[in-house]
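Presented below are the structures under discussion, each in the form of structure tokens.
Here come two complexes built around chain A, the first alongside chain B, the second alongside chain C.
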Partner chain A sequence: MTGRSQQVALAEGLARQGHIQPAVEACYQALRIDDADPLVHCLLAHLMLEGDFYDEAIEAATRAIEIDPDCSPAYLALGLAYDRRGGMWDQSILVWHELAEVVPDLVTAHVQLGEAFSAAAFDEEAIDAWRKALELDPHKARAMYNLAIAALRKEGVATALPGFRKAGELDPSQDDFFFALAGIKDDGNPAPDPEDVEEDRESRLEAAGALAFEEDFFSAAEVIRWIFDEDHDDADALALSAYLYIKQEAINEAMACALRALSINKRTRTAIYCLGVTFSKRPGLNEHAARVFGALAKSSPDEPIPHVLHAEALLGLQKFSRAETAYQTAIRLDPACVRARFGLAAVFFTEGRHAEAMWEIRRAAYHDTRRQGLFWDLYDAYTEGSA
Partner chain B sequence: MPTRDKDARKRRDEARAARAAKAKSAPKKKKAPQAPKAPERPVAKVAEPPGKRTASARNPLFPIGVNYYPLEAETQSWDDWYDRDVASEFAAMAEARMSLVRIFISWKLFEPQVGQYSDDAEDRLSGIMDAARDNKLQLIVTFFADDRLAELLEVPWGKKRDARTDQYLLQRETSLIQRIVNKYRSDPVVFAWDLGNEAFLSGFKTQPQLEAWVDTMREAVREVDPDRPILFSVDPETMFRHTGVDPRDAIDKGEIAVSHATAAYRAYASEGPVISGPSTYVDGFLLHSAARDLPVLMDDIGMLSLDHSVAEESAHVRTVLYTGLMNRASGVLLRRFCDLDTERREPYFRDPFEVLVGLVDVDGEDKPVMNEVETFARVAAWVDFKEYTLVPERTAVLIPGERYEPLPNLAGLYDPRACLEAYMFAKEAQLPVSVAREEDEFGAFSVLVVPSAFNLTDETWERLASFVQSGGALIYSYGGGEAHPAVRDLFGVEFLGDGGAVDSLTCRVAQQDVLGTLEPFDSTLSLPHFALLGHGGGTVVATDAKGNPLLVANQHGQGRAVFIATPVERALAQGDPWAAPAEVKAMMQTVYGAVASAAGCGAQIECDIPEVEVALFNGEGDDIVLLLNHSPEAVTANLVFERAVASISDVRGGTPSQIGAVGLGVALEPNGAASLRIVYA
Partner chain C sequence: MSDDASARLYQALVNQDAAAAISVIEQVRGASSDTGTLFESLFAPAMSLLGGAWAAGTIDEYTFTQAAVVAEQIGSFVMPSSTAQDTGVTVLLGTMHRDHHSIDRNIIAAALKEAGHRVIDLGADVRPAEFLERLDETGARIVIVCAQMMATARSILRVREMFLTGGVDDAVILVSGGPFAADKTLARTVGANGVISGAESALKLVSRAARDLRKAGRIS
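Let's turn to the complex of A and B:
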């Protein structure tokens, strides 16, 4: 390949900015100059995929692969188009298998391969693919959700629940929710060094939250300790402590901190959240978790995560109808909530609504893969490798 | 007949033999377990003139039928063409109150050598005709079809030439057609001659080729049989989508049009659960889209894959069947009579043939969906189209001409989805709605909806202005780019430019009740464009959070034009239509409903559940109301009529319930339907 032509560069630039119509026009202009450029075809495939025009995406990606069988972004686009279109699982399996060989460390390829296997009723192969994905990336929540769903279909809810909880823990949105409750957001500035924190309560609490946000739990704990030195009945600091304990799997300590915080101020929402999480981590306390998360969902009706947490607790209690309602609420609030989609799929499976369950899993994959933006990673690697 | 699964074949044959014997000994089949009680006599005479309400077993003006494929097992050979007990299967169809069967001619079997026709094939066809006659069925005879299994068109002497364009093969095709048509031209058992099915016809590369082939074949039929209807089994929308060949002119050469929601079209237009949301409206949308002043037969009703449970399959089939009856179909054809017995082989159990799912399983036993068909047939039999008339659709969703533009113009991909979304909103507002195209005459309509179009031609803008000027109502949502100059006068707005993409939609109501009762909202919705508008004389009914006009209504001549500043229909269709913000949908339903009501073609019957589709058939002494729940949840639809209702009863009979009010509630099961006879006070 001799590098990108001006037209391809233009198409690429427009595509990166999300200007689909002009980017497609630029691709067609580039094809008029050279219709055997795999980059243009794979760009076109990506653009069609962005517009959810799957047949067109399949056609363009197939053409790119015909021209260059090593065109990894085209494989990605082709596999995603097959999966999102539905009903083409055998072709999808071949594509993801191929991509997993071309880019062996691409975790998503293994997750998608597993889902294609599962849709085609090759359950064992699906499980192997998801396990492979978790070997490559132990934090791959979707692989874990899929394994939990597989366990549910094989052995029922009780076996599947730990998997769902584990997957939930891998899902960063739950932590994001805690920090949203605590009023901590990513402002682009790094958390301060504990030594530099001013000696007032507000500064210390803010610094501890920022350190916890950056997962520097020990520094955060140190700053909180300074707050307790001044006032050991600080409910917000206690709630943050509870969160830190949860992150270190010290559930009893977390529960104690959360309860203490609530005994001081029963409106401390971060403490309510932590208490719910600790209840949900203890077998047999699902009913308590459901009550706590139900209250949290009422107090944050426009946030999807409390509804998801509430639904998961209800799922644990095998109250499927109520769990479905809570999951549906979460999806209404955030259609891209992968966790809610998988949870709803679990409910549908228990109710024998297989097609709807498979649809929710496909929508979860749709939103997850759109969010990842993998195409451009592969595209850049491909263009660098080919230059 | 060869099969590798001898047990399956044996079981099937036994089941068929038993069923045939049962049909002979007991002409009346035992009632299907899920079928509601169906009357054998007229509706209670309290509410109706005596002797008036009778229904035959079938509705002659709404035939229900099924595609009857030549092979029933993947292991069978092409020469096993209908080599089975056709009579018993036809008896089963008749028992289920079907009246129409489509069969597929095997050219390969009929003409094994050039000009030499197989007596055996003709005997088998004759046997099929006899069996149909005996069971009071009529046949649609499809000449050129590809069922991807029976090698129907693969004449060995054809030397792989294209049967669509090769002149020599075309001559042979006309000979075959004339030979068959000539034999049965006066036989009433033939309902229609079908030139080809979609799988075959989608092989045409250009419109002229297609039209030339249709002309030739049609002429061949007409030389022998001047009367019998000719059809051409393609859906204009789906075929154009799949092949880029526009078959509308070719379809117009026939006497019956066909609508057909293919798997690929569903995947494009409404990929998602088949028993809720846009999926349940696709069939109706295509039905209206296929209606080109011709009766439309809904073809290939049934599941497209084995991914669904039997309950979902039944719900889907029920939804589509009622959609047909409620939206002016002239008949319905189910996808397949018998499941295909597929070969068991590794590594894949699934293949394209297996996805054809039938009304009976491979053992010949009825599946639950067969009960749905039978139940529906009982209802349809009571809707006498000579006596009851469906309220005319005076609202239409306009499919822009840009839909037929090739790539790189993306309008051809976006527009059908936006139009389907608009069709769904209109249905959810309980409006009788149809589909029109940009080049169609607008005179038959009072309200036109132009959803999220990028461009209309200058001529169309002139016609729209004239339509509104003379009393029509227009709902137009801005699709992006430069606005046409006609927008200023027509909508009373000054277009200041495209504000670009936004991630949320806010509605602040400035003038309540101008476009119905709107509720203010803030919603998360990704919108690709937002028109910035200045004052141009129109009434700003609602604005966004910054005060930019969102909804503008303008009196223009004797009519009214409504401008929606953002392509809501496209945004919802391109997002997740199954998780669309309820408040945005409610706004669109309210606007559509209010504009139609003001134009005098609003909902005939008010219903508080948007997912419940309502169809009103006006009669002389009473009306028939059909209700269809498009949601997988059970609901109670509260209906409000224009007049006080004296009594209601099931359309099939039963004791009428006295009402004496304008409103009543009807409980509907998930994806359930109700058929009511209404007598007014």
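Let's turn to the complex of A and C:
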């Protein structure tokens, strides 16, 4: 393969900026110059996929692979096009299998392969593929969600629920929600050194939050201790302590801090969140968790995560129709919420609505792969490798 | 419940004295508190005191952690059980002969077990005679028959006929599966008493059937 032509570079630039229509036109221009350039075909496949033109995406990706069987971004586009189009599981399995061969450490390929196996009713093979994905990346939430769904189909909700919660913890959106509640934003600057923090309560709380955000829990705890030295009844600092303990799996300590915070100020939303999380770790406290997360969802009606947490607690109580409502609310607020989509799929399975459940899993895959921007990673690696 | 009991539980936690903590719980339980109430009125306030003491520096980090370990040890005494109490209701469950679909049956069985019912899952591909045999063996009066294909759904009639032939006219047959959602009249045609449309629906219908059977004196 030769280096990228000017026309290809133009198409690529437009595609990266999300200008789909001009990028497609540039691709066709490039093909008129050289119709055997796999880069252009795979770029075109990606653009067609973005526009939800699946048949066209399949055609372009297939052509790219015919020209160069090692064109990994084309495999990705082809597999996603098969999956999103639906009803082409046999082909989908082959493509994901191939991509997993071409790029063995590509975790998403194994997750997608599992989903294609599952859709084709090869349940054991699907589980193997998801396990392989978790071997490669133990933090791959989507593999864990899929395993939870597999557990649900075999053994019911009680077995599946811990898997959902574990997957939820891997999903960064839950921590993001806590930090949003605490008013901690990622401003791009590193968290301060504890020694450099101003000696007032606000600066210390902000610094502790920033340190917690960067997962420097030891320093965050040190700064919080200085706040307690001034005022040990600081509800916000107690709630942040509860969060730090949750992150270290010290659930009883977290519960103690959250309860103390709420005894000082029962409207401390970060403490409500932490209390709900500690309750959700105890299967016997599902009802308490549902109450707490229900209250949190009411107080943060525009945030999807509390609705998801509420829904998960309701799943634990076998209140499936109420869980469905909560999940639907979360999806309405954030259609790309993968956790809510998998949860809703679980509810649909409990109601025998398998087609709708599979649809939700496919939508979750759609949003997850879009969010990852995986195509461009593979595209860049491919162009670097073949330049 | 007095604040005093919570304070004593807190002290037992700080002293890392699980026996004393259980003793406080048992004393309060003797004053007729159920486990759910114990958690809210005894354990939670004691934990709040613990959090407060740690923040105030009254207890150090090590003591806080050790107290949390004791709280873990006594958790089962104050937290509601994760499994529901046995309802005493036996439910026979199986997928119809020549039908191998299992997902819905697995989910329904798990939901009923979780709710405290005694579930006997006969699996897939169950012949009508087997339903009758197991009904006789177990004394169950609620039977859930799953079928995902039209032919197997129709053949559920043979289960009802088998029961009648065997002299069982008081069994409640609940059916589940796509054909019954597609054809609302099918359930009645095969002699079913109700249609289950999912796990939650199974919980509701089984509870209702159990209540009716109890009223009629068919189950204890």
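Basically, the second predicted complex is superposed on the first by the 387 of 387 C-alpha atoms of A that agree within 3 Å, B and C clash if a C-alpha of one lies under 4 Å from a C-alpha of the other, contacts with A are read in each partner's own complex, and residues count from 1 in each chain.
Throughout what follows, a contact is a pair of C-beta atoms (placed from the backbone, for glycine too) under 8 Å apart; a residue touches a chain by one contact, two chains touch by 3 or more.
Computed from a predicted model, the values in this text were never measured in an experiment.
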If you stack the two complexes on chain A, which partner ends up touching A:260: first (chain B), second (chain C), both, or neither? second
Kindly classify A:24 by the partners it touches after superposition: chain B alone (first), chain C alone (second), both, or neither? first
Check the residue A:352 against both partner chains and state whether it touches chain B (first), chain C (second), both, or neither. both
Between chain B and chain C, whom does A:175 touch in the aligned arrangement: first, second, both, or neither? neither
On the A-aligned overlay, A:228 touches which partner chain: chain B = first, chain C = second, or both, or neither? second
Between chain B (first) and chain C (second), which, if any, makes contact with A:331: first, second, both or neither? first
For A:128, decide between first (touching chain B), second (touching chain C), both and neither. neither
Check the residue A:137 against both partner chains and state whether it touches chain B (first), chain C (second), both, or neither. neither
In the three-chain superposition, say which chain, chain B or chain C, touches more residues of chain A. C
Do chain B and chain C land on any of the same chain A residues, and which? 352-354
Considering the complex alone, what residue numbers of chain A touch chain B? 20-21, 24-25, 27-28, 51-56, 84-87, 89-90, 119-121, 331-332, 335, 352-356, 358-359, 363
Can you list the chain C residues touching chain A in their complex? 36, 39, 44-45, 47-52, 54-57, 64-65, 68-69, 71-72, 75, 79-82, 103-104, 106-107, 109-111, 113-115, 176-178, 181, 197-201, 203
Chain B to chain A touching residues, read off their complex: 263-264, 267-268, 271-274, 304-305, 307-309, 312, 348-350, 355, 407-408, 410, 413-414, 574-576, 578-579, 581-582, 632
In their shared complex, at which residues does chain A touch chain C? 152-159, 228-229, 232-234, 237-238, 241, 250, 252-253, 255-263, 282-288, 318-321, 349-354
